[in-house]
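Note that the chains are named A, B, C, D and E in the order they appear, and that numbering of residues resets to 1 at the start of each chain.
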Amino acid sequence: MGTLSIPLHYFLILAAVLFGLGVIGVITRRNAIVIFMSIELMLNAVNLTFVAFSNYLNNVEGHIFVFMVMVVAAAEVAVGLAIIVAIFRLRETVHVDDIRLLKW
Amino acid sequence: MEFLLSIIESVTMFLLVDLSPYLKVFLITNFLMVMVMVLTLLERRISAWIQDRHGPNRVGPGGILQPIADGIKHFIKEDIIPGHVDRFLYILAPMVAMIPALVTFAVIPFGDQMTIPIYDELVTFKFQIADLNVGILYIVGVASLGVYGLIVGGFASNNKYSMLGGLRSSAQMISYELPMGLAIVAVVLLAGSLRLNDIVVDQSSFLHWNVFRQPLGFILFVVAVFAETNRLPFDLPEAEQELVGGYHTEYSSMKFSAFMIAEYTHMITAAALISTLYLGGWQVPGLASLGLPIVAEQLLQILAFAAKTGFFLLVFIWVRWTLPRFRYDQLMNIGWRKMLPLGLLNIIVTAAFVAFV
Amino acid sequence: MEMSSLLNWVTFLPALGALVLLAIPRTETQLVKSWGLLVSLITFLASIPLFIMFDGNSAAMQFTTQMDWIPAIGASYHVGIDGLSILLYVLTTFIMPLAIFASWNSITERVKEYMIAMLILESAMLGVFISLDLILFYLFWEAMLIPMYLLIGVWGGKRRIYAALKFVVYTMVGSVLMLVAIVFLYILNNTYTGAYSFDLMAIMNLKISFSAQIWLFLAFALAFAIKVPMFPFHTWLPDAHVEAPTAGSVILAGVLLKMGTYGLLRFNLTLFPQAWEYFTPLFLWLGVIGILYGAWVAMVQTDIKKLVAYSSVSHLGFIILGMFAMTVTSMQGGILQMVNHGVSSGALFLAVGMIYERRHTREISEFGGVTRVMPVFSAFFLIICLSSLGLPGTNGFVGEFLILVGSYGNYPVFTIVATVGIIFAAAYLLWMFRRVMFGPLTEKNKSLTDLDGREIAIMIPVILMIFWIGVYPSTFTAKTEKTVEALIEKANKAKAEMVIEGRKPILSDFLGE
Amino acid sequence: MHDFIWIIPLMPLLGAIINGLFGHILKGKAGFIASVAVLISFLYTVRAFFIVMDGTIIHNELFTWIQAGDFTAGAAVLVDQLSIVMMLVVTGVGFLIHVYSNGYMHGDRTVGKFFSYLNLFLFSMLMLVMGDNLLLLYLGWEGVGVCSYLLIGYFYEKESASKAGLKAFLANRVGDFGFAIGIFIIFSTIGTITYAGIEGQVDKLMAAGVVTSAALLLFMGACGKSAQFPLYIWLPDAMEGPTPVSALIHAATMVTAGVYMVARLSFLFVRSDVAMMVIVIIGTFTALFAATMALVNNDIKRVLAYSTISQLGYMFIGVGVGAFAAGVFHLMTHAFFKALLFLGAGAVMHSLADETDIRKMGNLYGKIKITALTFIMAWLAISGIPPFSGFFSKDEILAHAFLYSPLVWVFGAIGAFLTAFYMSRLVFLTFFGESRVEPEVEKHIHENPPVMTIPLMVLAVLSVVGGLIGIPAGLAYLWGGENHFANFLSPVFANAASYSEPHHISHALEYGLMAASILIALGGIYLAYLMYIKKAMDPDAIANRFSGAYKVLSNKYYVDEGVEAGILNPIVRFSQWLWHFVDTRVIDGFVNSAGKIVWLLSLIARRVQTGYVQHYASVMVVGVILILAYYIFR
Amino acid sequence: MAIEEILFWFFAVAAVAGGLGVVLHPNPIKSALFLVMTFFALAGEYILLMGHFVAIVHIAVYAGAIMVLFLFVIMLLNVPEETRQGGVWGAMRYVALGLFVFLSFQLSYFGFQDFFGDKQQLVKETEIGTVESIGMSLFSEYVLPFEIASILLITAMVGAIYLSKSKLIIEESKKKKAVEKEDH
């Protein structure tokens, strides 16, 4: 039962960087779909930490939770994209700057 | 001499033991490429035969060298990249299309495990490139990547037909991934493990082949696989009449051939899969009773596996030139309204069967 | 039916009437109006035995009922009437029917809501006068605001929203501070006696330190000063009056303003006598400035209602003077003047309402020589004006004279300045009367019709009340005599203690006594 | 006992109420009812007079009017010699004027209202004179003020009439201000306001050193009511009212209320020499001042108004020098002949279609003989020609004034001379000389109906006979050698007399003074005769020579304009400033600005809500970073 | 430098490059593909961490289904490239970058900090990553979350279908179309 030569915090740092990137994507990009993708990126960063900790703590719960996250991500994408399509149909735009009023 | 012998011994040992995985990969890939060439020829010959005409018979005796001719033709043709195209994606698309088809083969077992002494050392030989414990799931995963090639290709060439082709193909492949997955689940239920080898071992006797235990599953899987490989009844993405060339309208020469190779390798993989899952892979009924030496047994198993795969390839080609194309809504209808419920039903029945019997 | 339950009945009868009103369909405006009138009349008639049975020569609370209301925080439904509140209580029930009867024709749309608002307003006002529990008082105090806001806000004149909002926000600011003070008292009471209770009687005999008294006094005083309205806080009154419908301003002037002065007596004097003594000069100054300021500004008004509004500021200034002069005579004068002001300025508003209904304008310049076409009205209007400026023989004189006579003893300087006020009172009222009633009959006023039966029926009780208080005031002063004496005696005792404490009231330094 | 006394004031009140409510129905009969009511109260007054004659003072309390703390004021009546005299004058002259008004106001649209006000006035006047405490005096005081306001402004359609009414009421109100403060001082020092109470504790007032201030303040009230110097401005304008009103209110009764008050509180006034001196000074000054203005005035009623002010000045001199009885006596006689003069003037106006300018009259003697005759009798009385009443009462005052200080007598004499002159001028211009009446008016000059002339005759008799009851001791050898009137009133002024040393006029001095005053009166008349009948000295010429003085006099010393500019306008402008600046801009400014500040703050806050989701996201991220930073660098 | 170390760094660099690509690239399709690249890199990381089942499911779910959905929608809506935004919001980009640097520094700071005592050792061959162990615990201990997840998925499906099919949006867009026709 060898030990992986990579210490845990490598993974954490990687996850942190990815999470940071996700946040940047959400804040700066003005295209709704790209924002969605950045959110996916953030979720994956979280998944990575889960798996890393699950391995470290030798506990299966990390993996279970990764599935939960995936379920949520999938559901989110489904509904989110449906909304974006609906908005596009009404307003011909996916540009976040134009979608700023609750009621046109 | 001994020095020469020892060198040969160490080389062979090195070859057989250390490099065995790489050796296997090399062998299989080349075998596949050859099979693809043969398949193109077969396709055209059989389709001609079905349509009561000769096929290509000019090049070489009986047209055998036709594929080589096509290959060279593709190779020599000028590699045009249209102006209005998104260059990077345009080039990326064919590569991405090729990868999943080849990669899937890594998991398919084409022979049993063999341990033979070489140079007084026992070497076990596994006729399977990588025996992953997630095995079948790996196939499902990679299968889903197949879509990318088409989508990116369709989008990158920036014209209506390819765009529509890309869209249609992605929709089709996603919808048919589900029934395929469900059919596989049923098989896994029976086998009790995700490893493909265990599935094949599980189909020990003739009657135990899944095709008999899982008739509904078998049909579902076959139809789904047809859809996955965009073979005729489901070849909407590059339906000539409607979308000119579908996603590879803008492609020419090597990139077009890459797409064709990808499609045929996909077909071979699919056939191999069907045979491993439902026809007991390398299982030869009554093999043990023949008492052949291990090497001979292995050869026989490999041949059996090849025969089954070949049979299905013929079925593919046969179906292609007989059934008319589905309309798009019919396609979707079958996928979601018919195949999905049947798949669920199949799982429930098998689960009940496994749990209570 | 013994008295205390009658008191509860009378207080909540209008509210019940309002409930019944809900059942009457909106379209039956005539039925709605007559029902409202009937309820308020019954309330008035029921309050008369209360007035008669009230025993003048006992200073204690009478007809009290004490029930647990919110035992968790110790708030009890503790009501009762004494000399201070009996007059104002009956005044409210007396004015309400008149107000409702006066708005018979002027209110045409949303009559049902109007009547409900009026009846609930009456209940709230009656509640204020009888509640002896701080929270109960505060509840009624706030409950009164909403219907009044609606009256001004919905049925008012052009700038009604601004006026209503200003009225409510102004009063709210004050009453919120009062709530803080109530809570402080509540805690103080708890620290001393351990019991949780808002009961006024319990809090009354608390020993509150002088500095605490100062702040509590100020909190209560601000709420009541805004309501009175005292000099700097009065700007909401003219707007509220000008924009309110006739009935609204009658009630506003008749009863709402008295709550401020009543509150000062009921809470500030009884709970914080030392602070009362300490702040007397300040309030006297404000009162006197109020008298002169009100009179002067009233003199130059072009709008009759605004003129009467500012006259209210001036009259209330007299009451403040009477209260803070701390002699039995001046205090009784003050209380009686509260009733007088209620009757006479209420009547003034009724009269102004009547000519407004005919001419739909309140500009004095628009009128002239109205006596020619409306002799009966001019007779009534004359009597009301005379009572308002304090002609002997009418109610205004008795109250005003008692205040001045009583307060001369303690504060001669303030009284002299206040007496100057009665000159200006005559000035602005009769000047207005001359410009409206006398002089050549202008073209526009030719078509005015004289008072009809309804309007005379409203005027007669008011005129009778004016002469009754004017000629035979002892029916009313007798009721308040003992309570006032007890109040002042208690305040003087507290003042005596304060002197021991070494803090001299600032007045003495001011006047160099 | 003597409950009947309450009938005297209540009858006019009843009359007023009846006329008030049913005036428009009664129409003509309203006058009759009013006169009957006054007649009844006059008869009862006579009955009370006989009771008081034999020494008993009637004191009757009906109920306690106001009782609060230690201040009590009962609705009680005190009828002693002084008040019975006043009551006789009030009800007597009142009745005659009521009868006269029947004729005068004949055909007026709202005659019911007129008589109800008149009766109400009588009620207030009676309460004033019969009350037993200062509060009832104050009640009557303001009551008559209101009635004068209503009656002056009776012809309300005339702008000037309603203005005059308001002016009268406000001037009175200023006086009442002083009166009220006086009452407060008295009450706060001795705790009671009944006359008996004050008389009993007057030394306590002396001790407290407030006597002078109380007296002066009360006198201020008197000035307001009796139109003395500073507050006389309302009386000339009061002539806007109907003439009987002027006769009753502005000649006989109301204006004398001030004198009555000083007489009633003689024990108080006597105790402060300063107050007495002030009264004398103001009295003499007003007498002279008003007389000068009367010289040049051409409106018949205004001349009489100024003469009233002047005569009141004399009464105050009388009272001021301590001769309370003389003051009251002159009050009575003045009531008779001044009422007669006014009614006469009314009659003249009536027949000349309400013409008041004497320059458009003349030679009326022949046409309206009775009015002329009665007018002449009153003229002789006022000028102080013996044996008319005016001579005795004025002479009595001048005698006492001489004792007080000869200077006062000199001024008094000059006043008398002027009075004689302007009255003669008035008479000559109206009744004698050539007729300056417009032709069409001249055609239908007619003698007034009996209902008007009879009261004139009665009053004429009274003006003649009235003087006899108060003949000074010196001449009174026929009637037991002492001044009956003075004796009659002596018990009322006993306290005052005991305090100040008695004056004794030597007979010789008295005769001398009498002779002097007769000469002065005759001189005044002769001068007027020369100017207006003989045209020896042309009045216009004199007017031109002294044009400056003439203009000042004819414009009434510009007092009205002075008051207007000096007091009224500044107050109005100050109030305008108060309203527009202080009220709306300052106080409302604060209130509204509080609202605006909140609005401005919220404007800034609003900008944070941009609607961009990303901004909110970035804010959240910054939040997370800060929290983490906290944990790291803690 | 063991093979794992090399692999880790390879995958890490790929993931970060992919991440940057997603965030910075103007063309949505390209950023989508970068994202796919990140997914593969992460799958690699999972395998390193012995999370075989998770890796494969990750590929199948994310790369296979979700990204296809993204591409599908991007192509359907023909989303244009983003233009650089001037003015204040342009500056946001740099602010964001600054934030990113600081945020990731902070998070990694925690990683570096020796929370867990000795050097955190990761186990190479463990049983937890396999399908069996996950399957066992998923259907024993965590069956409730599993059911809830299924419900969530169903609701998401219903939601997506309703949104795309709702008459309201369709009519509105038709109306808009009609209006546009008249304009031209």
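Note that a residue touches a chain if its C-beta (ideal position, glycine included) is under 8 Å from a C-beta of that chain, and two chains touch if they have at least 3 such contacts.
Just so it is clear, the structure is predicted and the values come from calculations on it, not from any experiment.
Path length between chain A and chain D in the touching-chain graph (shortest route): 1. Think of each touching pair as a link: the shortest run of links from chain B to chain D has 2 of them. Common neighbours of chain D and chain E under the contact definition above: A. Among the chains, the centre nearest to the mean of all shown protein C-alpha atoms is found for C. At the far end from chain C, in terms of centres built from Cα atoms, lies B. The chain with its Cα centre farthest from the Cα centre of chain D is B. Contact counts per chain pair peak at A-E.
Chain C and chain D have Cα centroids lying 38 Å from one another. Centre-to-centre separation of chain C and chain E, using mean CA positions: 72 Å. Here the spacing of chain B and chain C, counted between their Cα centres, is 98 Å. With centres taken as mean Cα positions, chain B sits 33 Å from chain A. Annotation for chain E: residues 53, 57, 65, 76, 92, 96, 99, 103, 106-107 touch two or more other chains.
Across the assembly, chain D contributes 614, 618, 621 as residues in contact with two or more other chains.
In chain A, the residues that touch at least two other chains are 23, 27-28, 30.
Remark: the chains found to touch one another pair up as A-D, A-E, B-E, C-D, D-E. Contact residues on chain C toward chain D in their complex (touch as defined above): 166, 169-170, 232, 234-236, 293, 296-297, 299-301, 327-333, 336, 369, 371-372, 375, 379, 386, 391-393, 397-398, 401-402, 404-406, 408-409, 412, 415-416, 419-420, 422-423, 426-427, 430-431, 434, 437-441, 471-474, 477-478, 481, 484-485. Contacts from chain B toward chain E in the complex involve residues 86, 88-89, 92, 132-134, 137-138, 140-142, 144-145, 147-148, 151-152, 154-155, 163, 166-167, 170-171, 174, 177, 194. Residues 1-25, 27-31, 33-34, 36-38, 40-41, 44, 47-48, 51-52, 54-56, 58-64, 66-68, 70-79, 81-86, 88-90, 94 of chain A touch chain E in their complex. Those residues of chain D that touch chain C in the complex are listed here as 20, 24, 63-71, 110, 113, 135, 138-139, 141-143, 146, 149, 153, 156-157, 159, 161-163, 165-166, 169-170, 173-174, 176-177, 180-181, 183-185, 187-188, 571-572, 574-576, 578-579, 582-583, 587-588, 591, 595. On the chain D side of its complex with chain E, the touching residues are 614, 618, 621-622, 624-625, 628-629, 632.
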